[in-house]
Each structure stands twice: as structure tokens, then as C-alpha cells.
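What follows is one structure encoded as C-alpha cells, with my remarks underneath.
Labels run A, B, C, D, E and F following the written order; every chain starts at residue 1.
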Amino acid sequence: MRPSGRAPDQMRAITIEPNFTRHAEGSVLIGFGETKVLVTASIEERVPPFLRGKGEGWVTAEYGMLPRATHTRSSREAAKGKQSGRTQEIQRLIGRSLRAVTDLKALGERQITLDCDVIQADGGTRTASISGAWVALRLAINALLRDGKLTTDPLTQKVAAVSCGIYEGTPVLDLDYPEDSSAHADGNFVMLQNGTFAEVQATAEGATYDEEGLLRLLRLARMGCAEIFAAQDRAVAGAAQ
Amino acid sequence: MRPSGRAPDQMRAITIEPNFTRHAEGSVLIGFGETKVLVTASIEERVPPFLRGKGEGWVTAEYGMLPRATHTRSSREAAKGKQSGRTQEIQRLIGRSLRAVTDLKALGERQITLDCDVIQADGGTRTASISGAWVALRLAINALLRDGKLTTDPLTQKVAAVSCGIYEGTPVLDLDYPEDSSAHADGNFVMLQNGTFAEVQATAEGATYDEEGLLRLLRLARMGCAEIFAAQDRAVAGAAQ
Amino acid sequence: MRPSGRAPDQMRAITIEPNFTRHAEGSVLIGFGETKVLVTASIEERVPPFLRGKGEGWVTAEYGMLPRATHTRSSREAAKGKQSGRTQEIQRLIGRSLRAVTDLKALGERQITLDCDVIQADGGTRTASISGAWVALRLAINALLRDGKLTTDPLTQKVAAVSCGIYEGTPVLDLDYPEDSSAHADGNFVMLQNGTFAEVQATAEGATYDEEGLLRLLRLARMGCAEIFAAQDRAVAGAAQ
Amino acid sequence: MRPSGRAPDQMRAITIEPNFTRHAEGSVLIGFGETKVLVTASIEERVPPFLRGKGEGWVTAEYGMLPRATHTRSSREAAKGKQSGRTQEIQRLIGRSLRAVTDLKALGERQITLDCDVIQADGGTRTASISGAWVALRLAINALLRDGKLTTDPLTQKVAAVSCGIYEGTPVLDLDYPEDSSAHADGNFVMLQNGTFAEVQATAEGATYDEEGLLRLLRLARMGCAEIFAAQDRAVAGAAQ
Amino acid sequence: MRPSGRAPDQMRAITIEPNFTRHAEGSVLIGFGETKVLVTASIEERVPPFLRGKGEGWVTAEYGMLPRATHTRSSREAAKGKQSGRTQEIQRLIGRSLRAVTDLKALGERQITLDCDVIQADGGTRTASISGAWVALRLAINALLRDGKLTTDPLTQKVAAVSCGIYEGTPVLDLDYPEDSSAHADGNFVMLQNGTFAEVQATAEGATYDEEGLLRLLRLARMGCAEIFAAQDRAVAGAAQ
Amino acid sequence: MRPSGRAPDQMRAITIEPNFTRHAEGSVLIGFGETKVLVTASIEERVPPFLRGKGEGWVTAEYGMLPRATHTRSSREAAKGKQSGRTQEIQRLIGRSLRAVTDLKALGERQITLDCDVIQADGGTRTASISGAWVALRLAINALLRDGKLTTDPLTQKVAAVSCGIYEGTPVLDLDYPEDSSAHADGNFVMLQNGTFAEVQATAEGATYDEEGLLRLLRLARMGCAEIFAAQDRAVAGAAQ
């Protein structure tokens, strides 16, 4: 029995509010249950030094957590003067995931930065970030297409992410914080709409897992991502109205 | 004529949504028009080193702006590894303003941190932060009183803040971003409900101002703060239901 | 009765020693009583990135305090690896105050940096810094005029600053350290020779103040600045000999 | 055809030289072909703050790369003043992998730090680090057992790691640098001797991969780790002589 | 012929103004010609962690240069966020030199910090710092003896320092900036009153030097230090009046 | 009697293994007894900003110590976020020493960086670094000559370094760690093959030393460097085969 009463293969409610803020070229507030992440997509007509003059664009991400997004206040990274290893690991993962569905040559020499800021945390902040970032990126690219700055769509397909883990011996989908903090294994799965993986990261937290365990997590992830893809479609459609 | 069409003594719409997040002891999303700040109040049962063993508490503030709260993206302070002078100046002002209405001895040996994170910026983020922080602090202290951790209320009265400035020769109340960026003088006024000031900061940005000009700004500020005090009352009442 | 025995409207002795060091284009050692600040003005034939190619100059300031300028030693900011919020707030104030009397277009594409280093602190270090910085800036610009690098004087008038506060219920001028550390309200007033203000910053430290209180501080400031303007004139005249 | 001429399921030569340095409680120089990593295990009779007084120990890792371990010199992280996201990600992975085979209660209140410093890089530095760190940890714990500081062995079994990827369409084992830089997918697999996984991290670098592709990589990893386990045994046996 | 017209064995004018500032337990403004350094000695009744509980004291130094002490402005180390290698090297040298004449056991569990801040630089700032620091330390210890906090004098003798170098083929004493920047060899010599050395640092800057060259520099240093010892005596005597 | 049983004028075994790593243009593992330093020479076809366009090259050094090179683990400088004063002092010394034997004009507009990383420390790491760095630099320059990128050899002669000190009253050559930590005086001597000095740094650690003492250390250093020069020759000859 899960603390939330959910079935093992049951996602939390997925909410995606497009255009949550007004300055960014794309923005959403995404919720996986009580986990809430604000994602903005910012377009800049420049690329990082290593890409200058190569006719290619770049998609990158930054991640942050407001100090009191969590149960107890954690110190502000800007005040400490550096980003933690966890923060850097997460933002690298988000960036790679979005680049997996972007044709960087088709994007042209511009950079899109996805800022993922966790307003409230209850497990799964990195997977909500990736799933929301796709919508923000989609909206920003739609603006470029609408304005005639792009004529070919550089977004090749949808990407979504979800966490799965083994909680009290049972593989479960979309771990919330109480599950996450006591799961024996915990994985983050980044999937494309065509059923392939951009990233699998599965970590044993106590007991290790075998190949069969990993496969069961993969299948749960597939179910969860299908739901997220549908929610992404609804959000993009809603934003267009 | 103001860019927004407002009268010189007209505030923007004030919106205060209490309990915007669920982990903090107090939280609000405050809006002064399109400026939106999320403020959380976090109680910790410890005080900074300089107060240890003195039987007194502390109220402090931190301020941040999400990278794309602004028209163009600014870099993340956590990534740059330090907070700007502007950020530090603002968070020191917020902390002083709230301490002006808190009896630190009555608070006991605990610290309350007000985290003010700007979700969307359109001028007046520091004054919205102070005004919202009072509500978050009020809610957090109400929780301490309700739980019996405090028997005397350490909050002595309300505090609010508003900006005023001289825009195209006319003193105006509650500057938005287009006004702020071209005003000749720009002041932030922190007032208590009893009509006294906790802080006056008035800066000439082009033409300097005389005593009469300052007095006209003070009177506008008084009008604006009266509206904010009323909105604070409504928010606290709403949170109690 | 003030700890120093001064009358409420009495400044400390103002001493300004021009050309205190020899490498800077302008330099002074300014004293407000026992507060001693060394100010140097350095001219560089370049401007910060945001001004490049705009045909305008820049005036900026940096502030520091020697570790044992104070009663007890404080740690060296260079060793701690960052400047405090207080330091940044002060140097931003000094820079703004000097820019209020400089025609940046007339200055041309060059930068003048005012370094204000406190040798000995006894209250009022930021106001002594501003008042001394004007003399250093005047001397540096005189050198540019003398050398034919400038033909029009970009300094539009004099600027000075003084602190005033409410000490044991009485408004007093030019607070020294014993007064500063126990005043109920404490303000810094930056005035131009024409009687207008470039900056007013008045902070309640315990009891808040009302409009009448603020006006009384403004009037004291006006008296203090008149004395400082005279001392600045004498110093500039002395340097010319 | 692999650039090195190896068969798809062929590891590079594994060399493990125990006791490479003399001060550390355990040390090895491990080579996976031309990749050479020096790993030392340092025992300290203290634990990090979050574990104090809990009767448990801690195993952690730090990772570094000498500036000229690579084809072109990269800047020294100590000189830049911070560790890259990549470095932090790798050292977190190494630490988790070793903790997966350590009974921290049995270790008692002491910390063992595995320092993994890459002397020469040719792909697979993190997997060589994990595989070598196990030997260094084994040697350090053997010393504690020999000295009577421990009576129960806290190391529950062996752990090893290897990278696999899809190179020119073919799944291959133990990628070297030329393969790593052009592989379509790249995974790091951390396995225990009992056949279970402590960590799977598989990233698409260009084309995404499907479940079948992931399973083929898992099977190659299993073959590679079997070879590493044997090399670890030989190294521990050699050190004992 | 030296640029200043001095004889090869001629020091610049040595000026030592004791009690230059009033808060420090000891302070001097020392001048070697146009090089001016403010040195303060601060006593704290605590020792660094590595000495706690050992019944010994510590003497340490910090060094800084005001941004415009030099011909062209250099950036402020506090603003850059770190001290240069040169700064650290110099402050380590000053600390060692003073410890060479202090009986740390006799000092008791307290720390004396010598802050050496260069007001104006014209070569020889580190040797002026050491020579002035001895006077500041002497004054601070005299205060401890006078107040009865010490009954035995922990200062065992005098220490002074001077630079010597080979300028246009001739060994010269006390290099000023024009000499320093073109000397072929440049040494700093820290001597005790008894004729022994606490430190010799002689660096070839272009042509290397032989043993005979080094000996000639040593002899010049001995002459220079004799003059400095006399000036130190006069300063201490003057301060006592 | 020295702890190691060596005669006062006896060096430890000098071992120099050329081409220890394969990516660097020059590399050696140098040992002075149990002190082992890996030195690599990296050629880059660019110079630091202060030399751009001047037709000159640059030789510089960086120094690091692996965390467990020492008896007890010290923290990693990359993790602490800054290099210690000791590290910076040493790397500045190494750079100066190598530049003393390099004709920077003949080198052309390129930079050679000597990375000296201490694998195991037992006293004398800086002198072993300098002595090994010369071999790495020689090998790198030989490669430039062989490839026709240089036609004139910019290395003017050999440089070596050794430490000497006064241990229990006796001047001894090449201090190991037990001697170093209790010597009364400790010097580092950097010599050229022609018998001149590039650098002498002699520090009293307890008792100061007189001129005669210094001369005896100089003579020991001369004997030690003669041995190192011979070992350098053998290493370069060995690398050529």
C-alpha cells in the first residue's frame, strides 16, 4: 500500500498551466501532484563560445529550488556561492534530454535556456522539470515559427520523464517524497514519444536490483510517460487558444 | 499621462494569495499589478551566533529574482557564485523593515526567515516583497500562537512599503517598470500603520529634488500604504477561514 | 547632552588634506573628527562594457575599511573572498552621489574611480567618503582640463553628505560612533550646493520617526552640508597653490 | 570494426597495481588500457556532521583529473576555484557505488575517502575509478581488521563498473576515447558480484535506444564485470604477499 | 648612477610615525622614501584552532595594497574575491619574520595580527612592512606589559628587513621602484639585531648571480638594517613620551 | 645522525622516468627518495594577454598535491575552491626557475605549462618539481625542434634545485620529511649548471642562522645539484632511445 493510497501504476495528477509568466518566450507551471515547477524558455540570439560560427544552436537548462520549497528550509545557493553537485547533475540531465529531441542545426545560431525553478517539492522535481520544459520549449519554438524566424520546426518529437522505484518490494510509478525517501531503488526514465529512451538512470539505495527489476521499472515508466505526453498535448493546445 | 493610464495617486491592483505553498509556516503570492513575488516565512528554533544565549529572536530576509522574471533573461546568481550588490541591498532593507514591527525579545530564541522570490518583475519588487513579507510573517506567528509556542504576540503592528517617484515632472505613486526606468527621482517608503516611517530612501536619477518634492512623495506613499494595509488585513482574514 | 559635548547642530572638525598620495590624479585625506578616509580618484581611458562606443564616461566608487580601522579588528574582505552587503551598499551610494553632479557626456569615454578607504572609523564613514570624493574628483578633472584633455568642465556643481539622527530624543547633526550605535533613527543626506537632494536614506533603528522628525533632520543636514561645501572650497584652493 | 581492433565484447587489458603509494591505508594504480587512475583509500576516525553520534560510518569519494591527463591540457579545477558539474557527478556516483557494498553500521564511526585521480585518460575513467576504488577500500578495511579495529568485515561483496555503448550500430564493451566520442549511446553499469546492479546510467548521445538495445548493453556489462572481479581478486591476493 | 642619485649603499629616508591610528594596540606609518605602509597590531584573546589549549600564542600578518597605491590603479582584491599569490607570499613572509623574534610561549594564549596596508608604493613594500610591523608589535606588547597582562617580555630582539639588488651591474641597497623594475637580481633580507638572518630570498630576474654577488648583497643588507634598527628605537622612544 | 642514516652531504636516490604519460609533449616521474612528482610539459600556441603580439613566449608552472600524498589526508584544493598560499608560492617559484634558463624570445609566441603534481610526499617536493620540470621542458622543446617548429634551441642551460638545512646543528643536504619538520633552518637553492643561482630562499624555523651557516648550505646545494644535473642528462638520453 502506497502512502498516498495510489495503485502501483498510478501517476499523480498532472497539471500544466501554460503561459504562467509573461516575459518568457515560453513558460509553464507544471505539477506532478504537490510537486510544482515553474519552467521558462528564454531565446537568445547568440550561442556559447564552442559553437560560434558553426551554424548550430544550443538548448541548455538551469535548475533551482526555492529555499522553502522543501519541508525544512535549505540555504539559498546564491547565498552559499555555489550550486550543489545535485543541482548541477539535474540541470545537465534536463539539458541533454531536451537536446535529444531538438535538431540543433535547424534551430540556427540561437540558444534556448530552460529555467526550471521548483516552487514546491514533493518528489520527482527533475522529471516534472523535463516534462514541463518540453512544453515551454514547444511554446518558444512556436513563437519563432509564427514570427517567421524559423521556417522548419527543429523539435523532432516529444520527450517526457518520470521516476519509478521499488517501494517496500513493489515497483511503483511516480514516487512522491515519502516513497522516494525510503525506496530501495529509484530510477529516472527519460522517454521519447516513439518509445525509445534518451536516458535511464537507476540507482540502488539499499538493496540492489536485478535485470528483471529494471525491466519492470521501464514498463511502468512507459505507462507514465504516455500520460504525460497526453497532458503536454493538451497544454500546448490550450496555450494556442 | 502615465504609460498605464493610471491617475498619479493610483496604485496598481494589489493581490495577495495566502498559503500559496504548503511547507512554509507562512506563505503568500503578492502582486502589485504584473509584479509577482512569492514570499515564504520559515521558522527555525535557532538564532544567529551573535544572539546565542541572549533570549532574543531574529527576523531576516533573503531576496532573489528568477532568471526570466525580467524582460530579458539575467544570469542566475547561484550560477555566478555571488549575489549582486542590488540583491544584498534589497534583502537588508526587507529584514530591517520587518524587524521594525517585531518585538525580538517576545519572539524568543528563534529565527524567522522571509524568502522573497520574484516570479515576475514589473517595477516595485522590493516594496511588494516587504508588503507581502508582513503577511507571511503574520501567518507564521499566528501558527506559533495557535500551537502555544508563543503566548504574547511579538508583532507590534503592520508595515507596508510602496515606491513613489517623479515621472515627467509629476509625482506618481507605485511606479511600474516603464515609469521606473525613466523617472527623475525614485523613492521607496516603508511605513507603519501608525503613520510613522521605518525607512525612507529617495534617490535622484537625473534631476535632484527639493524638500517640497520629497514631501509630495511622502504624502503619496501614505495613500498607497493605506491601501496595502487594507489588502493585508483581507489576506490574513482570508487565510484564517 | 551629546557624548562629545557638541551642540545638537554642531559638526565635528572637518579636515581635508589634498594630494595626500602622489600617484592618483586626485587624492585627499578627509577627516570628520576622528573618522579618517583616504580617497583617490583614478582616471582610466576606457569605460565599462555597457557604455562602450556611446561617447559617454562613467564615475564609480569602491569602498573599503582597513581591518583595524574599528575598535575591534574585523576580518579583511579580500581574505574572506567577498565584500559584505554593507560595503556594496555604501559604494553604490557613493557612485550615485558623484554621478549626480557629473555630466557624463562632457566627461567623454573615460572612467573615474573613487577609491574610499577608511583608515580610522568613528561614525559617518560613508558621508565623509562622499564629501572627500568630490574634492578628489574635482582635482582629477582639474588635471584633465589643465592637460587639455577636456575643454568643458563636466562637474556641474558640488555635492556633500552628512548623517543626522535622533539621539536620546533630540535630532543631532553628524553622528559619531557612540551616537550612531544608540540613535533611534539615523539618516544619510546627500545634498547639492543648490539645496536639492541627490539622496535621502533615513532608517529607524528602534523607534520609527514621523514626517516632522524627518524634516528636522533635513534641516540639520542642510546646515552641515553648508560647512562641508566651504571646507571643500578651501581644500581645492589649497591644492592649487 | 573498432578503432582498437578489439572484438565487440572484448575488454581492454586490466592492470591493478596494489600499494602504489605508501601513506594511504589502501592504494592502487588501475589501468583499463591506456586509462590510468590512482586510487587511495584514507581512513579518518570521524564522520560527517549529519552522522555524528549515530554509530555509523561513511564511505565517500572525490575525483580529479590531472590537467594533462587528456589530449589537450584542461585547466586545473583548484585554479578555477570550483569543481565542474561533471566532476561532481562522477564523484557522487563513485561514492554511491562503494556504499552499495559497505555495511555502514559495521564500519563504525569512521569515514573512508576514496580519492580517484586520473593520471591518464582514454575513456572509462569513472568505471576504472569505481573498480579500483573497491580494491583500495578492501585493502584499507583489511588493515582495520588486521589491527583489530574491526572484528566484523563491513564489505559485503565486490563491486565493479564498466562502460558499454552503441558504436557504429554495434553494442561494444569498454569504450575507449575514440569510441566514446562518437558513440550513439553510452552507458555506465555498476554491478555487484551477485549479478545485481547498483547503478545503470545509459544516455543517448545522438540516436535514442530501445529496450532491446539497453538489454544488450547490460549483457556486455555483465561479461566485462566478470573479468574485473577476477582482476580485483588477483590484486588483493598480490597485495597480501 | 642610481635614478635617485643615491650612493649604492645609501638607504632612502626612513620615517616611522608611531600611534598613527588610535584603535589598534600598536600602530605606525612607516616610510622608506615614497613607500608608505600603515601597520597596525591587533591583540585578540584567542588563538587559531591548531594552537587551542597548548598554552602558546600566535603572531600573524596580513598584507594589502590600496588600489591606487601604485602608478596605475590595480583592482581591489576584495572585489576580485581572492588574494593574489604575491599577496599571500608577502604576508606569510611578514608573519614568519615577526615570529622569529617572539617567544610564543611567553606570549600566552593570545594572537597578535599585524595588518600591513600599503598607502603608497615605490618599491620595498614588504621590507618596510616587516620593519614597521616590529614597531607596532613592540608597542602592542608594551601595552600588555603596562596593563599587567604580561609580566615577561615575549619579544626577544629586534627584526628589520631591506631589499638589495644588482642594478646595472652594481649591488645597491634599498631598491626603489625604478630600480626594482629593471634590476638583474633582487633580494629581500630579514635580519635580527644580533646579526643573524631570519630569511634570505634572492631571485635572479635576468642574469643569475654567483656566491660572491650574494655575499655583497648580504653586506649591504647588514648596513641598511643597522639604520632601520636605530629608526625603530627612536620611534619606540618617541611613542613613550 | 640523520634519521635515514645518510651522511650529511648525501642526496637521496634520484630517479627520473621520462615519458611517464603519453599525451603531454614532455613528461617525467621524478623521485627524490620517497618523494614522487609527476611533471608534464604542455605546449599551447598562445600566450597570456600581457604578452600578446610581442613576439615572445612564456613558461609557467602549476603545482598540486594529491590529497593523500601526505601522511594524513589533506583536503582537495579544487573542493575547497582555492589554492593555498603555499601552493601559489611554490608554483611561482617553479615558473621563475624555469624562465631563468629559457630564452623567451627564441621560444616564439607559445606557452609551455609545467604541471607538477605530487603523487607522494616525503620532503623536498618543490625542489624535485623544479628538477623534474627541467627534463619535461627539455623533452617538449626537443619535440618542437624535431618537428621544425623551432630552429634555435631556447633552453640556454640546465637548472636544478635542492633543499638544505641545519638539522640538529649540522648542515645537511636534501632534507626528507622527518628532517624538514624539525630543522632549525631550511633553504631551497635553485642553481644553474654554470654554478650561479637563480634563487636562494633560506628561512630560519627556530634559531636564526649567520652568514657562515648560509655559505655552508650553499656549498651542500652545489654538491646536490651536480648529482641532479647528471641524472637529468641520463633521463634525457634515455628518452631519446
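Heads up, the rule we're going with is that a residue touches a chain if its C-beta (ideal position, glycine included) is under 8 Å from a C-beta of that chain, and two chains touch if they have at least 3 such contacts.
Protein names from UniProt, one per chain: A, B, C, D, E, F = Ribonuclease PH.
Given the structure is predicted, the values throughout are model-derived calculations rather than measurements.
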item	value
Shortest path length from chain D to chain E (each step joins two touching chains)	2
Same-site or different-site touching of chain A by its copy chain B, using the half cut	same
Whole-Å separation of chain centres (CA-atom averages), chain E against chain F	28
Centre-of-Cα separation between chain F and chain D, whole angstrom	32
Mean-CA-position distance for chain F and chain C (Å)	51
Chain B: positions in contact with at least two other chains	81-82
Cyclic chain order - from chain A, heading first toward chain D	A, D, F, E, C, B
Complex interface listing, chain F residues touching chain E	82, 84-86, 88-89, 91-92, 96, 100, 187, 192, 194-204, 208-211, 214-215, 218
Touching residues (chain side chain F, partner chain D) in the complex	21-24, 27, 34, 36, 38, 40, 42, 44, 62, 64, 66-73, 76-79, 81-83, 87, 113, 115, 117, 119-121
